[in-house]
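Read from first to last, the chains carry the letters A, B, C and D; within each, the first residue is number 1.
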């Protein structure tokens, strides 16, 4: 997925995110927005609320209002076709919590790398490296999701695994009804116990988040560097805690035979879906299934070995309010990133197959309506 | 990693690849090349030869000369600072092999998706979706690799696993000495037997390719969408047969506790490397370790269920010359893609910390020289 | 000059502007900012004040505070290397003035084109097409100007001509001391009388703005589409009222002989400057001189022939507060756009000639230090 | 108009040019090409032939075959939707002519700037700065022109003025029938005499090239930095010999009153065209009229004052085969650059107003069909 700056993402529909966790505001500019569309701020706010902390005793109790404001690009409730700037002003920053960390590099955090890369850093909650940056992604992704919903595409995520405990399913009705976004009511109590045990030990656990993209036409994504798989991998791996991404059978495919792994084709499309919804990097019409490896939260209450700003050995315990498992809050972020990729690929295909692009019998509408 | 077009990659050092497997030529334009550098065509040719088919009975016997030619950007053996166009004219195309496939969609191949995406396709060897496109990447990556070598960075890959058979190591001296690029002399005979068995059965197997990037300074990569992890994931997942990418502990991290997974920090950097060489998406000074899930080759000699161009059920057997395991030839491509990402990140950091960018005691040179 | 979106500009140092004249705010995100630099908000505010209306009876009396606020990217008075979002919240909008124009297209304005392009528009003061968008450019340009000043580059503009009355000079001390930014104390009274006459007749006049860029090293700008001339032309022609751009002798060069126009070269550089400071599109070390044709303000108090939203013939008189001559307020905008181009070209050259780029005796520092 | 590299141009339809005048080849990669379009190499070759030297005694007698070859992206006579690489291999290079210039910087040429910018240069015919680079633009522009012709848009250029001698008209039938591409049969003999006189004196003259873009719908071009005027200015000013660009009344507008310059609007669009076909930077439906100031050819046979590579004063006479007036050969290049801008703006508008972009009664088709 193209970007010019580490803070921007997308080609046709582009976003630029800005803001630090403890600066004045966090925001995003949506660019490449078509004119004349209703802009539903509340629908976007609802997606933001899904990633907000403080929603259960399994996530950080930090309370943030996170009310989104429109600065530009909307007139009388409709998009004008010009950049839409959205901001959330920061509140409840309690930067005091972080004073102690000013000269200590937290293991697993960006502290050391930022200090060395930039020569200075904002120690308050990680500044730009804070998970708070993802609220800008979720706001932008909510817009993309709504556009895709109009086209019959749904994007839903859940946690396939928490603390090493796999779940069956998913039972979608259950996912948003439990604080871990677990897909399996039977695995949930065990997963919950594992998270609580970690929290009580001042430790943390990880999980495997899975996103399903359903209702795609054949033909989204591009060859070479523009493969849908590649863009989804970039998008998902750019989320802070994610250390691995796979599509379909993923790593298991490396252990299969071609005769097992190849998905036979039928008139309606692939007859099974080990490929995870792509062929040659382009959507096949089958659901696109992406899995993200979410590492355990780096902020833990236990004493850890580290160095201080002068390079001397030291020990650090990360006080303050942290998630014993970040995977539940990664789910809406992963959905948002997938939505940005897929919506942009859709616009690319509209652009590729426009006007003089194709024989009528296979025009863009026909095409995008299939299968 | 930014791109404007599915065929281009890179921000500071950019490449644009073109060409189809059975068209007149395959090529690449290198852009953002600094002036006054010696241009060693033979060194690049040697990397191309590493991915060339026909090097053992475990890969396709197809013979290709793949001689690279310079069309521009080099004067009296030095780069001029202008775009360097490199091409390989195609020979030995035997497109006859593919005539039978003109109206059949091969399972696991891009055929169906291309036909539906573009409304037409070049059926000869997959056209643009052919693995042959990767020779342009290897040529460009060879250039990037050489620039990184000057900076003390080495990028080496091997197969950690073939046909589900894991190997220890790697023993680097052994890697280029065996046709599977296996890292383990003890596992190799078993892996080789598995590949041969698949070949004899007209089937194929996959593998797990691992790339080590050593000698990086702290500070390469960017926040948000520019994380080194994200760019490496994009780069590696854009290789045809790759269905999963992970860094460091990768998916195993999802099953670890924070207290296990966090790498303690010492004066020399991380004291272990479960993170795989990044902190907050930025290089930590530890080796960057990337693993790629390589699916079994889609082209198999067995009869498979499919549909024809008119959507009717059909059966297909892919004749012609194919690799029973593509993983060995993926290794140089994976190295090349990692080299493109890392070299571009290095140029980004040079640009970020140039002239007025930083206090002298922490200037770019000092910075980039650090451990 | 690259852009991905009509609202963004720059390659290494990029800006993205947003906001409508009567929406909540106008703003800009500065991206590609180096870390560790002092950020002087007041210095930027001073440049904004130079373009602010209401500073004399020769420009619109509209009063706007235009106080700039920082939303991100600055910590303890220094840049962090992350995007800097700057906004001005709109006040004193008096959109009532525009109610009458809701269904009328003003000649010379974007109204008709926006309505037809987007299918809807914000009729209040032109929305995105308002000159108010330029304050975002001036804020960004002020930052670029300060970086260039550190490098010994000065960028100054004045009006070479007002209402067809040319001036000699410029006398720089006089430029900022007169409301027309005329360069010639002798021509000024005549120019002023012409502007007053136009204002009193409910009419408007134009001018020719000239920008001098002094202190450039040899070597800024690029070949082909990246010529400094081309980027300056793009930058200046993107300012609302500008209908022509020329460098050096400009259109007069078309009437000269090669033997007259070619600037002979001496050891210190060109011996005269008909080229306007570039050779082959790259800075020659001589001052870069750019001239902009500024059309008369489109908003005039006289009755004009037009059509209404339904396409029916109508007449319109533009009430409200307008500049009888916009050229004085174009000067700081033109300086800002030139600063963006030159600073970006400087960063490009730093990047081109970094580390492995060149023989030491001709390294970037040496190089960029040269006359 | 966006570019990432000085050698690339365009957003939706992108080109990347490569090659030096005396290297192996000059070429261009067309990217963002829609699939399924007939690719007419001969039609492109014909445009190339229009800029080719040696067509009269008023231009350089150098003979070049300039036969274009397709390397990729075309299958069975149709575009595949993948990058189309086109090359012309260089012949008849006679670099001997330039040996004498190796250590001398020619006034008016890029020599000095390139040497200082890059630290080295290809002295043979200017290398990358050679006018020969424009054949890549003409090839790409020919493709864009053909796409625009399908949409009812015509792009035609001529010389409004040669050697300071203005012409009336244009009489289009006469333009391609005379070696100066003069638009006026009466002015032509005088213009011709002036060019011959310059040639015989070993001198050169300039001209003013004018391009008419007719048949545009309302709504092409974008706000802010994407104004059609700005993109045309960038495109035209990026042509080697061009030192000024204006639209419509251009510099004359600076001397008009608002009541004179504003184009009144009628139901069919503007009632006159001093704006030159744009409103707020967006096409108004009136013809877009662009004028380019073409400087006299820098290569002249007279002795000129210069410096050598060591910075010592010297004299130089440019031997070899040169155009006494380059304006006639600029015309097809200017048409090509305008075609690239307009075709890209058309694709942008298709993309902006696609699918969910607008109410049906004002959809892209309806919209783009309008006068």
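Rule of thumb we're sticking to: contacts are C-beta pairs under 8 Å (C-beta built on N, C-alpha and C of every residue); 3 or more make two chains touch, one makes a residue touch a chain.
Being a predicted model, the structure only gives us computed values, none of them experimental.
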| item | value |
| --- | --- |
| Which listed pair, B-D, A-B or B-C, duplicates the contacts of C-D in over half of its pairs | A-B |
| Comparison of A-D and A-C by number of C-beta pairs in contact, larger one | A-C |
| Whole-Å gap separating subunit A and subunit D, where each centre is the average of the chain's CA atoms | 45 |
| Intercentroid distance (Cα basis), subunit C paired with subunit A, Å | 39 |
| Two or more partner chains touched - positions in subunit C | 2, 4-5, 7-8, 11, 17, 35-36, 81-82, 117-119, 128, 223, 352-353, 357-359 |
| Category of the chain touch graph - line, ring, star, complete, other | complete |
| In the complex with subunit B, residue positions of subunit A that touch it | 1-9, 11, 17, 105, 107-114, 116-119, 126, 128-129, 133, 161, 163-164, 198, 203-208, 218-227, 229-238, 240, 242-251, 253-267, 270-271, 275-276, 278-284, 293-300, 302, 304-307, 311-313, 349, 352-353, 357-359, 362, 367, 370 |
| Parts of subunit C lying in touch with subunit A, wherever the complex brings them together | 2, 4-5, 7-8, 11, 14, 16-20, 23-27, 29, 31-32, 35-36, 69-75, 78, 80-85, 87, 117-122, 127-128 |
| Touching residues (chain side subunit C, partner subunit B) in the complex | 12, 34-37, 81-82, 147, 150-151, 223, 347, 350-359 |
